[in-house]
Amino acid sequence: QNAEKPKLTLGVGGKQLLYYLPLTVAEKKGFFKEQGLDVEINDFGGGAKSLQALVGGSVDVVTGAYEHTIRMQAKGQDIRAVVELGRFPGITIAVRKDLADKIKSAADFKGLKIGVTAPGSSTALTAQYAMIKAGLKASDAPIIGVGAGASAVAAMKQKQVDIISHLDPVTSKLEADGDVVALIDTRTEAGTKALFGGSNPAAVLYLKHDFAEKNPVTTQKLVNAFVKSLKWLETAKPEDVADLVPAEYHLGDKPLYLRAVKNSLESYSRTGISTPDAMKSMYDALKLLDPELASSNVDLSKTFIDSFAKKASSGS
Amino acid sequence: MELANRLHLDAGQDLSSPQAGTPPAVTLGGLDITFHLEGGSRYQAVTGIDLSVAAGEFVSVVGPTGCGKSTLLNAAAGLLTPSAGTVTIFGQPLAGLNRRAGYLFQADALMPWKTALDNVKVALEPMGVSDAEADRRARDWLARVGLRAFVDRYPHMLSGGQRKRVALAQMLIRDPEILLMDEPFGPLDAQTRQIMGNLLLDLWSRDRKALIFVTHDLEEAIALSDRVVVMSAGPAAGIVADYRVPLPRPRDIAEIRLEKAFHEIHRDIWVSLRVEVQKAYAMGEGKELVGGAGA
Amino acid sequence: MELANRLHLDAGQDLSSPQAGTPPAVTLGGLDITFHLEGGSRYQAVTGIDLSVAAGEFVSVVGPTGCGKSTLLNAAAGLLTPSAGTVTIFGQPLAGLNRRAGYLFQADALMPWKTALDNVKVALEPMGVSDAEADRRARDWLARVGLRAFVDRYPHMLSGGQRKRVALAQMLIRDPEILLMDEPFGPLDAQTRQIMGNLLLDLWSRDRKALIFVTHDLEEAIALSDRVVVMSAGPAAGIVADYRVPLPRPRDIAEIRLEKAFHEIHRDIWVSLRVEVQKAYAMGEGKELVGGAGA
Amino acid sequence: MKRAKLLILQALVMVVFLAVWHLVTTTSLFGDVKTTQFFFSTPGAVLSRTWTQLTGGEIYWHLGITLTETVLAFVIGSAAGILFGFTFARNELLAAVFDPYIKAANALPRVVLAPIFALWFGLGIWSKVALGFTLVFFIVFFNVYQGVREVSPTVLANARMLGMNERQLFRHVYWPSALTWMFSSLHTSVGFALVGAVVGEYLGSSAGLGYKIHEAESVFDVTGVFSGMLILAMFVIAIDSVVTMVEKRLLVWRPGQSSTTV
Amino acid sequence: MKRAKLLILQALVMVVFLAVWHLVTTTSLFGDVKTTQFFFSTPGAVLSRTWTQLTGGEIYWHLGITLTETVLAFVIGSAAGILFGFTFARNELLAAVFDPYIKAANALPRVVLAPIFALWFGLGIWSKVALGFTLVFFIVFFNVYQGVREVSPTVLANARMLGMNERQLFRHVYWPSALTWMFSSLHTSVGFALVGAVVGEYLGSSAGLGYKIHEAESVFDVTGVFSGMLILAMFVIAIDSVVTMVEKRLLVWRPGQSSTTV
């Protein structure tokens, strides 16, 4: 059966991030081609921008945060995830080395400066969630946007922030340089459980509902490709990943890259399917933090279509 | 004499226009021009100016420096709206620019980004003359003002007198019905002045142009014109005398200075002018009133 | 006569400088000035100019329009580096600007962003005069040129003649040892010219200034100066005659025109000038060679 | 009278703009209402949000920070632009040697430089000032450079003959002559100073209008984004009118467009 | 001779710059070598990477796209700036009415507008052109506007007295008179056109230099970032010299800085 739309555009906010590794794997391993798809990948300055591109119709599908689908449903945009790529958020909350002996948990964050990728982003929400869980108020510590790349590293090295809630490779870089000590690490199952009480969908492939309805075959093929790359990642060693991706991705420091991959490998989804529990835990966290969502009533079954991923898993 | 001249002003039109009945080319009626200054004060440059120039008439305007001669030409050209009074061109009240007039400015007004040739050529463009024809005529005119070897120079590469001659060619090539000329021969030597003067007379006498000619050279004014108008010193300058030049045409401007009638009228005008200049100087120096400047 | 004058050129210094022995204020020796034109061609404006002006001497320069008078003054001011020849100021070869000279430009050179008063005042700033003192002296000078009522005007609010007089005050207030003046009285009426001329003579005679005065008014040149230098027509203009004016000082410029000696020298210069102007005109018109312009 | 007419016309433009905006975002003439609102919100929502913000106190704190950054970037950037513009215009060799480097520097995308600024100047206001500076500086620099070279040769020669030294020439000739050019560039650079500050905040900060806008954008709150931009716009008009006032004062000497009679 | 001296001096500046950079990043005089290299790479690495890229073929594809965007943004932006500049300068009422809106529009942070441009113009080159346009337009606009108003009143009056209509005035008076102003603004806006294109690519695209830089930046490949910027810089110098050539041709009539004798 041929895809209805073999040529499609995919949006992503920071393709090189380990967060989106399954995409690079699918691309480099040729899984899209295998399915007869010609996918043009558009890289955006951030997750929000790629979502806007989807709503505006500039891209067909997006690899982005699951959280976006909840927000969009709350705004009446029927955007749904079709395959889960990351089962743990992959966000690490770390404290600066020289404060490590004083700050032991989120309960001690009061008054400290917390660096996040951007105000309102998932790194910010995770940090605030941790504080609320520890009995503080979300406004007890100033949230500072430090950006996504080298500027985040700079902010920590210069002691502009005390705590950093960030993603790889920033976290691994800081850890490797011995600048920070991780407090909460949602790259691992244990860390995620400790914070959210269960797994928590992170990166997903999402699209407009009508796209899935109009192009079921295309969607299925896409999901097949992603599930295949998840399967590959399940057994891959950090070295395999390093060999697969372009050399520029190695952060100019291969041991660092290997370390970052190793830290992250556990967080990729195994099946591509998210559980309702995990989805609910995410929604509850959002409700707690975002006044706009607090009063919302989103039907979570509309945020994730699991039939494609199920078919892909059983098919392969 | 003074009185006679003043009377002549009113009767001027009939006497001076060769063809009575057609409306005069330029009529300034009760013209007042007041400038706004910084800080709200005003300066009344000229007041109560009545002047009529018939088609085919050559009128020179003389007066002490700063009395308002250029201002008068600006009003006749439509570049300046008078505060009071009327400007009538061939019987029509003037609204906006005076399209039937050519104006030779006192200051440098050539386009600095065009060569002498292009500056003259461009004057023909609004008339729809073809490029080749415009080129030919512009070269011809530049030769007539003695600048054949300088056609390709930009204005900044020309001397003051050369620039003035380019401006002259630029104005004359359009052959306008009314010529307004503000010290056109100022930066020229006496000889070149005569050559240019003869050129101008030639052109003027061919068809019935009206000419208002501002100059500081009284001899030149008399040698060239039908009437010499003397303005008083500013502020609030007016016309104090209007002399008819009783010399026959055609004239050779070099020769005419030797005639007796020339000397008589020269002396007359000189005296009335001298009074005005001294008045102007006294005022400017502030010995009398710092007059009108704060009205 | 012609020959005598040419000889006088060489012997000029001793004859003309009231105090032989001190070096002349300005000496131009074998001056050549050639301009580069677009497209690589050249225009030789003046060539082989030898001119010496002693301290205390008043020299007028006359010549057909475009012959190179302004160019000569520019060279003496140090604004233009000659292609060949030397400029010597009080015995010192001139390098860079001539700091001992004041220059009245032919074109408008007032700072448009300063009022008449400020334009004159600013000339005293390089001399370190205090502000109050500068103000007093500037007002005084503006009054002397007849502009007391116009001190607060910006240049664009002044008439052409008024601007020229501001520039005159601006130059004279500094009291420079050498005065270079390019048609200073061009846009002034005959009366004002005389007043300004007397003012200038007054100033000049007080201390031994050297004065190079470019004018188109031959009568003015004779009435004011010790020597009148006549330039030939360009291109490659030179000095063709150098007349000493045999009139006694002090002079009243209005009266002096009535003397016989005045008329004689006027006629002499007029003739030699006329030849040059006609040559210039013929050249410009291209009847003879389009000369030198492509050398 | 004339002033009133002008204000009415300006208001009219505003009303037409709002009406079109309203039409686009609340009727389905131009596509799906939900999608258009996702991108453009509605004028009503934006205005009411702006009102809420302006009457609340919090925004003024952010505005204050952005204002400080903008003014600093503008002042330092124009001062440096003026200084370098003059220096380079007066020193041909210097200008010729550095010309390619300046052109190249002007073309560097500032967004990419943000991490370096953060490194050098920290995350406080100074990294934003630096970003605004890089925008303002070049605009002012090129205009002042040109302005100085445009000085009328005669006026300059005259001033030099009056014996002015370099400093006096600067004060009495170059500076006034370049003023028109400078003000033309200042009108552009006021805007760019603000852009620099906001983009800097957007890329990493803890306060300021750009921070607010970024926050709103991250949670897809377009209404918040537009109301932030609206506040910004009002803000720049205020700063610019100060520039215009100064300009009017300093350029009194200029001949008006047409001759002025009563 | 003079040209050679200039080139030597320019090379010298470059060498000094590289030497300082080298010193900072390879010796521990200015802090930890690893950290400084993390932020600034080393000149050797950047140059060799640039060399690899320029000798490889791939970069030219990206360069081509960025070039297209830059040129389009520059051409359309300046054309619109010139057009509006002239129209507004010739129509006082229009200028007065729209003045605050133009000032406000100039101050909007373009980064925030990127999604809207993507919506309107898609993800292809046109959304980047739009971004570049918004930068170029205002710079050119303000300068042309001022340039037209700077026309010498006497020259204008003379041209009008010669009977020129609005179109002829434009061709023979306003246009040549505003040229100097325009070119001054074009030198700034060449850079900004490129900034617009690159930032647009940086914010969302699948090709172009900005894309390459963004890619490099997010994997901490500073060497890649700097080599991208270096290529960019060489690039803008090339475009700018074209502008300078055109300028030289069009402004032959201007008096030189000093009087020219042989």
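Letters A, B, C, D and E mark the chains as written, and numbering starts fresh at 1 in each.
Methods note: a residue touches a chain if its C-beta (ideal position, glycine included) is under 8 Å from a C-beta of that chain, and two chains touch if they have at least 3 such contacts.
Quantities reported herein were computed from a predicted structural model and do not represent experimental measurements.
For the touching copies chain D and chain E, the fraction of interface residue numbers used by both exceeds half; the interface is of the same-residue type.
Chain centre most remote from that of chain B: A (centre = mean of CA atoms).
The chain with its Cα centre farthest from the Cα centre of chain C is A. Rounded to whole angstrom, the centroid-to-centroid distance between chain C and chain D, based on C-alpha atoms, equals 50 Å. If each chain is reduced to the centroid of its CA atoms, chain A and chain E end up 37 Å from each other. For the pair chain C and chain E, the distance between mean C-alpha positions equals 49 Å.
Centres computed as Cα averages put chain A at a distance of 85 Å from chain C. The set of chain D residues that touch two or more partner chains comprises 39, 115, 119, 153, 202, 217, 252, 255. Counting partner chains per residue, chain B shows two or more touched chains at residues 35, 38, 79, 107-108, 156. Looking at chain A, residues 52, 56, 149-150, 154 sit in touch with two or more other chains. On the side of chain D, the complex with chain A involves touching residues 34-35, 38-39, 114-115, 118-119, 122-124, 202-206, 211, 214-221. Residue ranges of chain D in contact with chain C, taken from their complex: 154-155, 157-165, 168, 172-173, 176-177, 179, 252-255. Chain B meets chain E in the complex at residues 77, 79, 97-99, 101-103, 105, 107-115, 122-123, 125-127, 154, 156, 167, 170, 174. Residues 35, 37-38, 62-66, 70, 106-108, 143-150, 152-153, 157-162, 165, 183, 186-193, 195, 216-218, 235, 270, 273-274, 277-278, 280-281, 283-286, 290-291, 293 of chain C are the ones touching chain B in the complex.
Of all the residues in chain A, the ones that touch chain D in their complex are 48, 51-52, 55-56, 71-72, 75-77, 113, 118-121, 124, 142-147, 149-151, 154-155, 158, 160-161, 290, 292.
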